[in-house]
């Protein structure tokens, strides 16, 4: 991630990777304040067996692009909404990459950080059938959660609403 | 792709995949006009051995999201700039996905279509060393093209400029 | 609605429908997390005698579009302002539908949820004279409320203001 | 419609209504240049047996709102992209209606005009089974057109592409 | 103003008019909820000797435009920032008027409400030399306030800053 | 106006003022390139009997604000759409004036230039009954033009449409 | 700066200049409320040996442009995010200057105010080798801070996270 | 500049530097396609006696930021309007730099490229009195051009207009 202040957003990525038991490493690497370390880190990743890179940054978010310039590994970008423009600046800085150097851009903020982890897992799963199965189960779990738990909560709410209305 | 009119943008994807010799199939599948075919196609991809999906669409571009809802394969989205809002609508409709269902969003338009192909290749290359090498070569070729050919053209332009200036 | 978190917005819809005594049912149906249930629900509505559908969702709000793809019943969309972009993303994702599959889009947030109910009633009222009359009365009530109660409050405010000013 | 210059957009509405054989009338009624005629027209519609109103306008598009203020009939708004801001102004002026006075807003431009007609038909069809059937058929036709004709064209294109590539 | 909720913004207008001793009247008149009263009020203003109209409204702010449609008196519009889009919707709905029906649009929010009063006074002052003089004095007062009081505060701040820095 | 290139927009202002027979003068005065002449011109206007100022400019359009800083005469601003941002930059630079220094902002481009003239006439008319009458007549003419001529054209179009349709 | 209310943003500029021991002066100078003092101050700067000007302002931020119109010294603009549009208005008003009169625009808000100081120092350092060395050291310090302190904090966080997870 | 396609915009920079007789060098250096050459070039500039850097790029324009990360020389950024978003993406990517690494951002497109040259000259002129004098003369020339030539053209236009009007 580009700055310490991105951690409250990017910890969603860690949470998901932990829950899938997939190992990772985390660094604060600024495209602008520590450019050599950032470039070197991105360049060396492939040799060290790393498979996917996730870059989260705010404002004029160049981190994902600078990392993508140094490697042919897939790079996933998370626009962080830390500026007054609410992440529109980091979204456009991350997604509008020139031909030849893609950055796979996720939604702005915490939801995007969560999805960056899921998408990284989906990439890894293209060659790991057991991880693919875990993703299929996770997806089923989400559906079940919506279909059952959430709609049960909703029914309760609607019941309370009706009772409340008739009681008042 | 969501519509026949997306073809002039999405052919950039085909061009790159052809040049890397990676097989693919192409369909017009509308999230809104042919929803069942779209869902069924997305659902069946994994069983047919497809590894990555690319969805290009304009306006309220739901295609990539609808496809991502049906599979745990990586889905790449290309916002097409066919509406009066110049693709801002398709960008936001594609990238702002809810937690759990990522779409890897590329730049708006033809450059994004080209990058969707490169990013798909980068995913495949995580388990195919020979493809990885081709991508490394492609990247070196891009660098060389900028460093040599483009700067030679520039020098020529600058020379003509100087001569033209002194001649006039 | 697409998520539990849309309920504080969408309860405005319920409040209005309750006050007009029009029966309804409520579901959490995610275009992305529970796509089959969502499609099946939308597809079966007409057969079950449902007349109008209202879909509220935030971020890349595909719900209304996905529902509209499955039915020829009128679908009303409410963009919810839950993302950092304050509903501009859900507005464009809801309103910019392709030719052939309309979504009747309302204002962003609670006001839009209220209006979704009114608009649904207006649709129903095209074939129910008594409901039409209720809507006419509701509209007269709104006018009277502005003309009388609100302007009386204003006059009081102005009077206090003047007295306050002369007293200070 | 608000102005003569909206006709090239709004004729899409007429084309669809004609093809479904549903009678309509068309007026140029400006919220700002002919306010009394506009209000009177909107007010008298219900008494004349009109069921749905469609209002297309550009710039600060007040027409749909002004019409909706005068009637409890459903009002559909089409934002026209005639200003330098490409319809973002007319979209926001049409969709962001205050609580109590909904305008069912369609996409910007010709696609929105087409959808306004479809949506009007969907409203009428809630009490006309034969029109409902026509809409179901229209929807099936769209799906078939995508699934068959468009994908056949695509296959041809792909074939030509391959042949062209091998020939060159 | 279009709604009771606009009062905290529009009271800036009243404050300035009071301070210049210029008489005024205030009404809540909704373009959408009480259209006839709004039109009638606007139409009758000129006959009652009113010289300038100020309309403040939020969301799809049609009030100023609807008032301007009914009179040839100068109409000043104040976009109120009450929606999630922070007044961008009310700004565009107010300022993008069609040819022939101008609305003199002020800044979004309280500053715009204050300026609406100043601008109304500037209009009146074109034929009232004594009011013109008061405006000239007000302008001089603003300049003096910036030049003297505010820069004195700033100097104090800078002094404290220096002392604080050396003390710490 | 701020630049020669604003003339194709601002000539709409001249056309209206000519048609009302109201005398005016025109200058190219740049807030940035000729600041002293601009300030001096604005400052001297009141003494020379000028009643209203109209300023048209594009990009970071400071002209209206700089003029308003120098005078208590009413200043009307016309944002010109000469930049890649299509006048959004000039609109915000013109309308978002700080408290105390209003600029009456019109729509972007030629329509705004036309309206600047109408609004200037409306200001002058507050103390000139004959001009007021001309404005009332102009407004009636606009209404008549919409009601009669434009709707006659429309009827013709509809007739041709029907005939064309039955002939084909 | 254009107003007292810009001080909480612009004090970042002072903090950096203080830490580099570079002398400066601070004024509140409004482009609109005290135009003559602002113009005179800008005009006289060069004669008084001032080398760089920094202008911070919000809303329709004309200050930097008005200052740049009066001098050939480099002018740096800081858009302040004080309006409902979150500084998009001040950014466009500051950056979109016409040909011939540049304003070097920084990021919106406090980060931009800090950078205005750094950029001013970079300008001064083009002819002051000792200041250049200080800037090089400052840059190294930033890199070291990211590389060491921040990543140490991050490691601690990750360790706590793991322990916390295993403890729970 | 980041790409060959930026040349039609960036040649404005060259034109101005040529006309002031200030030497320069031009390179195509892509932040993403040739990152090492770009970094190395930026890093070595100071040692080679270069005083100011100008970077023009479109889309997610990282070039200026990447260059600024490598040097303490002043870096000027020109957002190029080559994408469907008309330069809003390159503007935000260039201007919203994080604290510590400023980029002096100019207007979007050719005007910004021209201003980049002027601003570079203003930086150089802080230690070169003869260049300062040339800039003062250039500024006087711009003022004279507006005051004399442009207003003469305008007068001619107005005269033709009047004659044309009376002749018709």
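Order of writing sets the labels: A, B, C, D, E, F, G and H. Residues in every chain begin at 1.
We take it that a contact is a pair of C-beta atoms (placed from the backbone, for glycine too) under 8 Å apart; a residue touches a chain by one contact, two chains touch by 3 or more.
Values in this document were obtained by computation on a predicted structure and should not be read as measured data.
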item: Partner chains shared by chain D and chain F (touch criterion as defined above); value: E
item: Distance from chain F to chain A - Cα centre to Cα centre, in angstrom; value: 49
item: Between chain E and chain D, distance of the C-alpha-averaged centres to the nearest whole Å; value: 37
item: Inter-chain centre distance, chain A versus chain D - centres from mean C-alpha coordinates, in Å; value: 38
item: Junction residues of chain H, two or more chains touched; value: 3, 30, 33, 59-60, 83, 85-86, 88, 95-98, 100-101, 107-108, 111, 142
item: Chain-chain contacts as defined at top; value: A-B, A-C, A-G, A-H, B-C, B-D, B-H, C-D, C-E, D-E, D-F, E-F, E-G, F-G, F-H, G-H
item: Residue numbers on chain D that touch chain F, as the complex places them; value: 3-4, 7, 11, 14, 18, 26-30, 33-34, 36-37, 59-60, 83-86
item: Residue numbers on chain D that touch chain E, as the complex places them; value: 2-3, 30-33, 35, 39, 59-60, 62, 65-66, 68-70, 83, 85, 88-90, 92-98, 100-101
item: Interfacial residue positions of chain F with respect to chain E in the complex; value: 46, 51-52, 72-74, 76, 91, 95-102, 104-108, 110-111, 114-116, 118-119, 122-127, 132, 135-136, 138-139, 142
item: Parts of chain G lying in touch with chain A, wherever the complex brings them together; value: 81, 86-88, 107-109, 111, 142-143, 145-147, 150-151, 153-154, 157-158, 161, 165
